[in-house]
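One chain, chain A, appears in both complexes that follow, with chain B as partner in the first and chain C in the second.
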Partner chain A sequence: MANQEIRGEDYVVYYNANAVIVTFQGELALRSPKEYAPIKDLLDEVASSRPAVMTLDLKKLEFLNSSGISMLSKFVLGLRNNQNIQLAILGSHDVPWQRKSLRNLQKFLPSLRLKVE
Partner chain B sequence: MKRLFSRLPSDFRIPIRRVLVVPFVLQICATVGLVGYLSFRNSQQAVQSLTSQLRMEVSARIQRELQGYFETPHEINRLNATALIHGVIDVSEATRGEAQLYQQMKIAPNVAFVYCGNNRGDFFGVLRVPEDGSLQLSYSNVATQKKRQYYTLNVRGQRTYFLHQLKTTFDARKRPWYQAATQAQKPVWTDVYIAFTTGLPNITAALPVYDQSGQRLLGICAADVVLPEEFREFLRELEIGKSGQAFVIDREGRLISSSANEPLMLGDQENPQFLQAVDSQDPLVRGTAEFILKRFGSLKKISRSQQLKFNLQGQRHFVQVLPFRDGRGLDWLIVVAIPEADFMEQVYVNNRNTIGLMMLALGTAVGVGLLITRWLTQPVLRLTQASEAIASGDLTLGNSETGPISELRTLAHSFDSMASQLKTSFETLEDKVNERTAELANASVQISMLNEKLKAENIRMGAELDVVRKIQQMILPKAEELSQVEGLDIVGFMEPAAEVGGDYYDVLQTEGVVTLGIGDVTGHGLESGMLMLMTQTAVRTLKEIQEHDPIKFLEAVNRTIYQNVQRMDSEKNLTLAILNYSDGRVSISGQHEEILIVRVDGTIESIDTIDLGMPIGLDDDITRFINYVRVTLQPGDGVVLYTDGIPEAYNVLKKQYGMPRFCQVISHSWSGTAEQVKQAIISDVKDFIGEQKVFDDITLLVLKQK
Partner chain C sequence: MYQIFGDYIDILPPDRDSLELSFTSSSEDIKNLWKNQRLSAHFLANCFINFLPLDENTPEEEQRIKEAQGSISYVANELIENAMKFNLETAAHQVKLGIYFLENPELVAVVFATNSVDQIQAQAFQAFIKELLGSDPQELYISQVESSATDDSSTQSGLGFLTMINDYQARLGWKFEPLLADVIAVTVMAQINV
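Showing the complex of A and B:
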């Protein structure tokens, strides 16, 4: 699977195929789950290629609305049935939404390697 | 040239035809004119030098002729003088001598009479008869009683027949020639006089003849020249131009001879007079004589040859005046006058020819120039017209016809290809424009269709939202319900955003237990509204069956909602906090925003709910994540519940309202009633939001221990 990029007015989601890292940057506040579909598809596609480790870098994602958090939560929940993939999430203490929401993800997927700096 | 053109005004225009023809014609005019003028000047000078030579030649010829003419009589006289001395000529007896005289007359045709007279008045001579030119002997002596007798002569000069005898007596000694010679004692010319025999003006050369000792005059030998007629023949035969005249005058201005055709003697036989040159009938002779007189004042002053010019009747004339003297008494002037026109006529004819040729050359040059110009300019004009046509947008032209000039042909070819390229690009441009217009029209149709769809969708969604908004408001606890709650001062507030969200709050009281719920469904719209409604129902149901175990309570709600969400095939979930109050004690469970416990003095204790639950409807079993905390409230203490619509409210500067400001407002207003606290919070939030559109529902629940 090749490198991919999804770019919106206020955000960029970039997939680095070599390192298997999906990087989120900017502010994600799409209006509905439908609008999150392309990003969800990208994450599912990466997961379906069964990498040993998959990393989500959220350090520079300044804002994610409830629909976005919901989408992310569901993706993490989905990985519970796929123990072969080691998911790692990189977060930041400086971003308010990550303080509570990332902990929820850890709960959903205990094997998740959460690294909040 | 450049400077010349730069001085012209900038809008000065001149057609190419004139530019080409004018210099052409000017050059030819200048060249032909100059050549014509120079040839005219040369001819004039040639004519002058020619006439000068001619005059000199002519006057010299006249001089020679005159000398020959007037020398011969004297030579004859000398011969006859010798003959007289030796008795070869017998004057007194008239017996011999006529043969010698006869021969002399034959040799000298100019001489009219050769004769001698002796000192006794006798006369002997041979004359030429004016009527037929024959020669006759004439003599008079004592034997003829001093009467002149005439005899015919044969070819040997011997007298043959007696012809006649004159009636009057003749004495040689009384004749002017005899007297002049006697007086001069040397060879002389007589003045011109009327001849005795012919009655014509004569001039006579006379020679006195003396004896051996040289003392005694024996007689006079003389020869007559009938001057005018003889000499005029010569003058007339001279070729002096076409109409030139030559004449001889003596110093008194009398015409001795003239080439002009007029009688030189005036008056009758008795009293003959000479014609004055100034009275001549011939205008050239008269004019020339007048000019010479005027020029020199007197004819006697002319001593050397003169070449002169004068104007007569507007015509230039050349004149040569040559004095003629023979040392024996002749003192005349030879005058030759030639009109310039005689020679210039040819020059004028040449001039006319030159002018004619010039005009012809000029015409040819102009014609050729015009043709060449036409030939050159026609393609240029066509190109100009074509370019004008193209400039005005007509591209149908092409195939510009040009002559064989290669540059013009190249120009025309490039021009044609340019025009066709323009045409092609215009056409493709037009095609493109048409294509784009069609595309645009298509797009516009699609856009308006989409617009229609959107409008319909909007109307549908608007109707949907209206329904949701109604449901939301309908299900909220009434103000009377809240006021009936014992021991608590409670107020609730909910303001849905333009697109209704899924905020939820409820206050339920049964048998001394007050249950408060607050939640926030993700997203907006009908689904969110429905989820909120279902949550309210589930919470109320559990409340009615008096399920007081917060873990079981939330687990049941989660399962109910999860199953329904699965059935709905929805992506939605919600946060939900449940508070149970009884006698000043509050238990809190479920994951939601931070719950604010406000003490009576306004200090705030914030309770993080992340570890008290999980989002509802996301996972089928959240039992292990549910927990609860207990808080004790003193009178005046209270709880503030809210949804993220308050701390995450944005203003126009894209700044969030934020928790610190929220807490500050609560602390400052806490001394008031729950209603007053609510009012303070809402007005501060609204002040903060200002003109900014509200994106999310704002929900607030304030309770205060009485």
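Showing the complex of A and C:
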């Protein structure tokens, strides 16, 4: 799977195929699950290429609405049945929503490596 | 005759600064420009932190201000997104988003949004509110995500409210106030300590 980029007015999500890292930047507050579908599809596509480790770098994602948190939660939950992929999520203490909400993802996937610093 | 659910302050004391934004439900630009919701929420948060009796020049209070700003942006964005999404198209009533703060004695941000619904929407919403108030919000969040993961058609009902309760310790309240025969104003209020 090649590098990919999804760009909106105030956000960018890009996939670095060599490092198997999906990086989110900016502010993401789309209206509905349907509008999050391209991003969810990108994550699912990366996971279906069966990498040993997959990383989501959210450190520069300054804002995420509940629809976005839900999309991430569903993706993380979907990996519960796929024990061969180690998912890592990188977050930042400086971004308020990440300090509040990221730890919840661990409930959906106990093996998740969550690094908020 | 109106109905109240949850933790709702019906009459806010008049001796505090407050801020309220109003949008006409017929303004297509506002509805089409979805990012207006997020910008309104940020605006509200940015204005509000100036009301607080906190000093941004002390590191501890600077951190508290930043935290408050983040919490208010998140909560206000969820409330206005819902108000816009569920507002009754035909109602000629404004959608409102506002903020207020209380000192009792801890600082509390009171964020509220109002929109109009019809009887059917109001009944469905009240049924959901009763479920929410009678549940363990942590468990309900997990079960809602799990059920929405297996059923794409299900709306992610209430995940916004649940994240406010679970992650921001928001105390939520709702007021349903009949305006016309089949038009009911719903105000959702979220109180968060800042």
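One rule holds for everything that comes next: the second predicted complex is superposed on the first by the 117 of 117 C-alpha atoms of A that agree within 3 Å, B and C clash if a C-alpha of one lies under 4 Å from a C-alpha of the other, contacts with A are read in each partner's own complex, and residues count from 1 in each chain.
The working rule: contacts are C-beta pairs under 8 Å (C-beta built on N, C-alpha and C of every residue); 3 or more make two chains touch, one makes a residue touch a chain.
What you are looking at is a predicted structure, and each value in this text was computed from that prediction instead of being measured.
The superposed arrangement places chain B and chain C in clashing positions on chain A. Contacts of A:Gly78 after superposition: chain C is touched, whereas chain B is not reached. Looking at the superposed arrangement, the partner reaching more residues of chain A, out of chain B and chain C, is C. After overlaying the two complexes on the shared chain, residue contacts for A:Asn104 are found with chain B and with chain C alike.
In the overlay built on the shared chain, the residue A:Gln4 is in contact with neither chain B nor chain C. By the touch criterion defined above, A:Gln86 lies against neither chain B nor chain C after alignment on the C-alpha atoms of chain A. In the superposition on chain A, A:Asn16 contacts neither chain B nor chain C.
Judged by the touch definition given at the top, the superposed model places A:Ser67 against both chain B and chain C.
The superposed model built on chain A shows that, among 152-160, 224-232 or 458-466, the segment of chain B colliding with chain C is 458-466. Within chain A, the residues touched by chain B in the first complex and by chain C in the second are 31, 33, 66-67, 69-70, 73-74, 77, 100, 104, 107-108.
Taken together, the chain A residues at the contact with chain B in this complex read 31-33, 66-67, 69-71, 73-74, 77, 100, 103-104, 107-108. Residues of chain C that touch chain A in their complex: 34-35, 37-38, 66-67, 69-71, 73-74, 77-78, 81, 85, 141-142, 145-146, 148-149, 152, 156, 159-160, 163, 166-168. Interface residues of chain A facing chain C in the complex, by the touch rule stated above, are 9-10, 27, 29-31, 33, 63, 65-67, 69-70, 73-74, 77-78, 95-97, 100-101, 104, 107-108. Looking at the complex, you find that chain B touches chain A at residues 520, 522-525, 571-573, 591, 608, 610-611, 614-615, 618-619, 625, 644.
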